[in-house]
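Common to both upcoming complexes is subunit A, partnered first by subunit B, then by subunit C.
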Partner chain A sequence: MIHFSILIEQLINGLVLGSMYALVASGLTLIWGTMKMLNFAHGEFYMLGGFGLYFGIVSSHLPAWITLPLVLIIVFLIGVLLEKGLIAPLLGRPGWDVSAVVITLGIGIFIQNFAFKFWGGDFQNVPYMFEGTVKVFKMNLAWHRIYILAITLIVIIAFWQIMKRTRFGMAMRATAQDNEAATLMGIPYRRIYRITFGLSACLAALAGTALAPIFSVNPWMGSGPMIKAFIVVILGGLGSFSGAILGGLIMGLTESLSVLFLTSGWKDLTSFLLLILILVIRPSGLFGTKEW
Partner chain B sequence: MDDQFDHRSLKVLRIISPNLIGGIFIILILLPLLIRNEYYINVLTICLIFATLASTWNLMVGYTGILSFGHQAFYGLGAYFSALLTMKLHLSPWLGLPLGGLFAGLLSLAIGFPCLRLRIAPYVAIATLAFSEILLVICKNWVSLTRGEMGLWGIPTFSDLVLLNLIPISFSKGAKIPYYYVMLTIFMVTMVFIYFQMNSKVGLALRSIREDQDAASSLGVNITRYKLTAFFTSSFFAGVTGSFYAHYIMILAPDSVFSVGEMVEIVAITLVGGIGTFLGPTLGAFALIIGLELLRGLKDYRLMIYGAMLVMVILLMPHGILAGIYQIIFKLKGAIGYGDK
Partner chain C sequence: MLRVSDLHVYYGDAQVLWGINLNIAPGEVCTLIGANGGGKTTLLKTICRLLPTRKGSILLSGVDLKDREPHEILSLGLSMVPEGRRIFPSMTVEENLKIGAYIRRVWGKKDSQLEKNYKLFPRLEERRQQLAGTLSGGERQMLAIARALMSNPQILLLDEPSLGLAPKIVEHVMETVQAINQNGVTILLVEQNANIALRVSQRGYVIESGRIVMEGGSDALLNNQRIKEAYLGL
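Showing the complex of A and B:
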């Protein structure tokens, strides 16, 4: 019989993990929604977030509240530059979705091996943002996990409001629907693409900074979450923001509950089985359009 | 883009005469007579391995238009299956070659079927990449069979042969030339097969699927059958190559065959040589692998270079280096009327 408190603990772990998947996946889905492309370098932005935190807090002894915004701004700029230099020139070429997918694969492997060569392949530890635990219903809950849940909630609400209320959000939605029509309305869709790409990179980096203290920082830390995030966006439906959030939570919960039955090495398999299942039963995902 | 112009330079690459292919084969057959150095032969063997892998990936992506990011999975499947057959069941490695290919081909149908329903390329890319990651997870965790991260070692190599009852060929660790000829045979069989397939009705059907799936389907092309054919043949030959690799190197680790790095290498080689062309992947394999061997100091940065190459080629020479060079030459000559704004 599985002990009740273990079950609850795994549920909370699942929520924490799931909210991180949701963050990474919402970045992917944001790009797909506006630019109609997949970013196979997304995991490397997550990794850059982790390394940024490590360099800021451990190497330079900066306080967390300076490091975090600094890392996010730098990753945003890297994202914008990559889009401007490497992806924007491909826009509008025939077969551009394929070449864009392949080019991000190249960018990703470059960044990953750059990190490996210049920052080393050791597993680095980063301290928690908030030390200590709090007792909730007779259970010890680490402050850091609460921080992760809070961050995710804030980001989701902020994004939702930005998309709904601001001029930028409207421009983004218009571009997503039809970039030519958006151009006719005076929306510079290229600039929207650029900012979207940067923001998406930021979301991945944010997840990287949040999870770096739990897992360790290394050049390959991004590939696992990225593949999971791909599965999440398919589960939720490519291009759907709420689908990414819900899909992320489902995935996190499935994975952490599967630990009750499987050893941790095998738990990765559950997410892949989930993917095969979706592809066979409902390729458009939970909230997907008929684009597949 | 200067479309008209691209066509002209591409034509040069697309004209593939049997004479040209035969000539290349003869050069490759005679090469070991000129180069006796074992190290160079080893490099050439690796070139042939990647030329075969890239050519089969090209069959899937360049000719049929199925964007697969899981080609390394079939390579790895062939390698592991053949290695385990020879180690646990003591089969001959010679039998392992076709069986490894067959196993990879059959398992490719397992991912091929769910992919059939997916219309847009990125979905297929995710599904195939996830497939190869599944295999990596299985390979790392099924320790009792694959020894997990510790890897397999002591994989038996090919047994000695007597060719035509006359010429004895012995496979020992020091002599690389016999291995070179085995790989060359696999390479030539693969290329001849692809050549005949692409010049047959099947090839026409595959290309029509790439151009427009709906139109092809409306004209009576059986999409399911032909897509699965593409999956099977390309992964069969990738599996045979994997099996050769296992008996050649005699050590296997999950990351050495199933990693995304291998995939990037295959993609970069194909794109550098020219995707969708018959000899492009072979050209790319020889150019990139020999190039990296020559620049020895850069070998540590291998994957970084492959990544950067991939990016540069897509941006600057989307049809590969040969087409790119033609383009530059034509531009220098001032070919008027092409590429004007």
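Showing the complex of A and C:
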């Protein structure tokens, strides 16, 4: 018999993990929804977030509240530059759906090897952004985990409001639904693509900074979360923002509960089983496409 | 107001428009009629810079649109209602209208623009919170027109607004077009339904296989023997 408090603890772990999956996946789904392309370099932005945090806090002894925005801004700019320099020239050309896959794979391999060559293959540890634990209902909860839940909630709410209310957010949704009609509204959709790509990279980097203290930093840290994010995006429905959030949480909870009831070796297996199940029952994902 | 001179357009290597000349005066309703595949939509898309020009010029109040990016056209006072409405189905009616006021010049005034357009299209106000994808064909057409008006254009291009609509609703759309014109907006109406288009316009052009083959007053065109046979089914 499993003790109740262990179950609750695993549920919270599942939510923490799930909210990170949700962040990484929402970046991926944003790009699919707007640009109709898959980004295989997405995990590398997650890794850049982790290394950014490491260089800021461990190497340069900067406080976390300076490091975090700095890292996000830098990753945003890297995303924008990559889109402008390498992806935009391919967009709209014949066969670009395939060439976009190839170029992002290439970008991913490049960033990964760049990190390996210049930053080394050692596993680097980063301190928690918030040390210590707090006792809630007889359970020890690490502040860092509460921070992760809070930041995810803030990002989701902020994003939702931006999409619903701001000029930019509405332009983004219009572009996602019909980029030619958006052009007729005076929306420079190429610029929207660029900013979307940067924001998407930012979301991955944010997840990278949040999880780096838990998992440690290395050049390959992005591959796992990216594959999970792809599963989440398919689970939630390609291009659906709320699908990515919900899918992320479902996946996090499934994994943490499978650790509890089976063994930790089953963790990845259950997430792929979940994927296969969804593909059989509901191939378009929980929310289908075109949801925002 | 809008002057198209000697316009040549290609799809890849295939030429689709051959030396088009078009002149639209301020304040008029001008129509462009022609059969399917004659180049009507191509011409409109070229004017809006969605297709590249090989040769010729497109002057809007003296500014050559050829040097402009497609998203800049709206700021110059030209707005288009595309073929097939192309509304944003997953946005509400009101959001569709607001995005019509995207350009900087009108974004700050979008609330008063909304009010103005709701007055012209009361049906849209009733459905403001509804998703645009759930509207009927006629309502979608109205929404597409209202959305194009949100930017306060001087000239409005309409591509086949009657397409797929019941005759009674077509009648209503045409009345709306005339009302918009009476508010001071110049209109270029592109139609396959020549009969109805010539009746709401003052002047018309006939396009066939990428060439303008005839032009003149709408009444004269309505009574022209060739037009009667080819387009009015008489």
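Methods note: the second predicted complex is superposed on the first by the 288 of 292 C-alpha atoms of A that agree within 3 Å, B and C clash if a C-alpha of one lies under 4 Å from a C-alpha of the other, contacts with A are read in each partner's own complex, and residues count from 1 in each chain.
The working rule: contacts are C-beta pairs under 8 Å (C-beta built on N, C-alpha and C of every residue); 3 or more make two chains touch, one makes a residue touch a chain.
Since we're looking at a predicted model, the values are computed, not measured.
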_Per-residue touch tally on subunit A - higher for subunit B or for subunit C_ = B
*Looking at the overlay, what does A:Ser242 touch: subunit B (first), subunit C (second), both, or neither?*
neither
*asked:* For A:Ala174 in the superposed arrangement: first (subunit B), second (subunit C), both or neither?
replied: second
*Scan A:Val101 for contacts with subunit B and subunit C and give back first, second, both or neither.*
first
*Which of subunit B and subunit C A:Thr133 touches, first, second, both or neither*: neither
*After lining up the shared chain so the two structures overlap, which partner does A:Thr183 touch, if you call subunit B first and subunit C second: first, second, both or neither?*
second
*Take the contacts of subunit A with subunit B and those with subunit C, and give the residues found in both.*
291-292
*Residues of subunit B that touch subunit A when the two form their complex*: 1, 67, 69, 114-115, 117-123, 125-127, 129-131, 133-134, 137-138, 140-141, 260-261, 263-264, 267-268, 271, 300-301, 303-304, 306-311, 314-315, 318
*Give every residue of subunit A touching subunit B within the complex, in rising order.*
32, 37-38, 40, 86, 89-90, 93, 97-99, 101-103, 105-114, 117, 223, 227, 230-231, 234, 238, 263, 265-266, 268-269, 272, 275-276, 279-280, 283, 291-292
*Flag every residue of subunit C that touches subunit A in the complex, lowest number first.*
48, 50, 69-75, 79-80, 82, 86-91, 95, 98-100, 102-103, 107, 147-148, 151
*Interface residues, subunit A side, partner subunit C - complex*: 167, 170-171, 173-174, 177-178, 180-189, 290-292
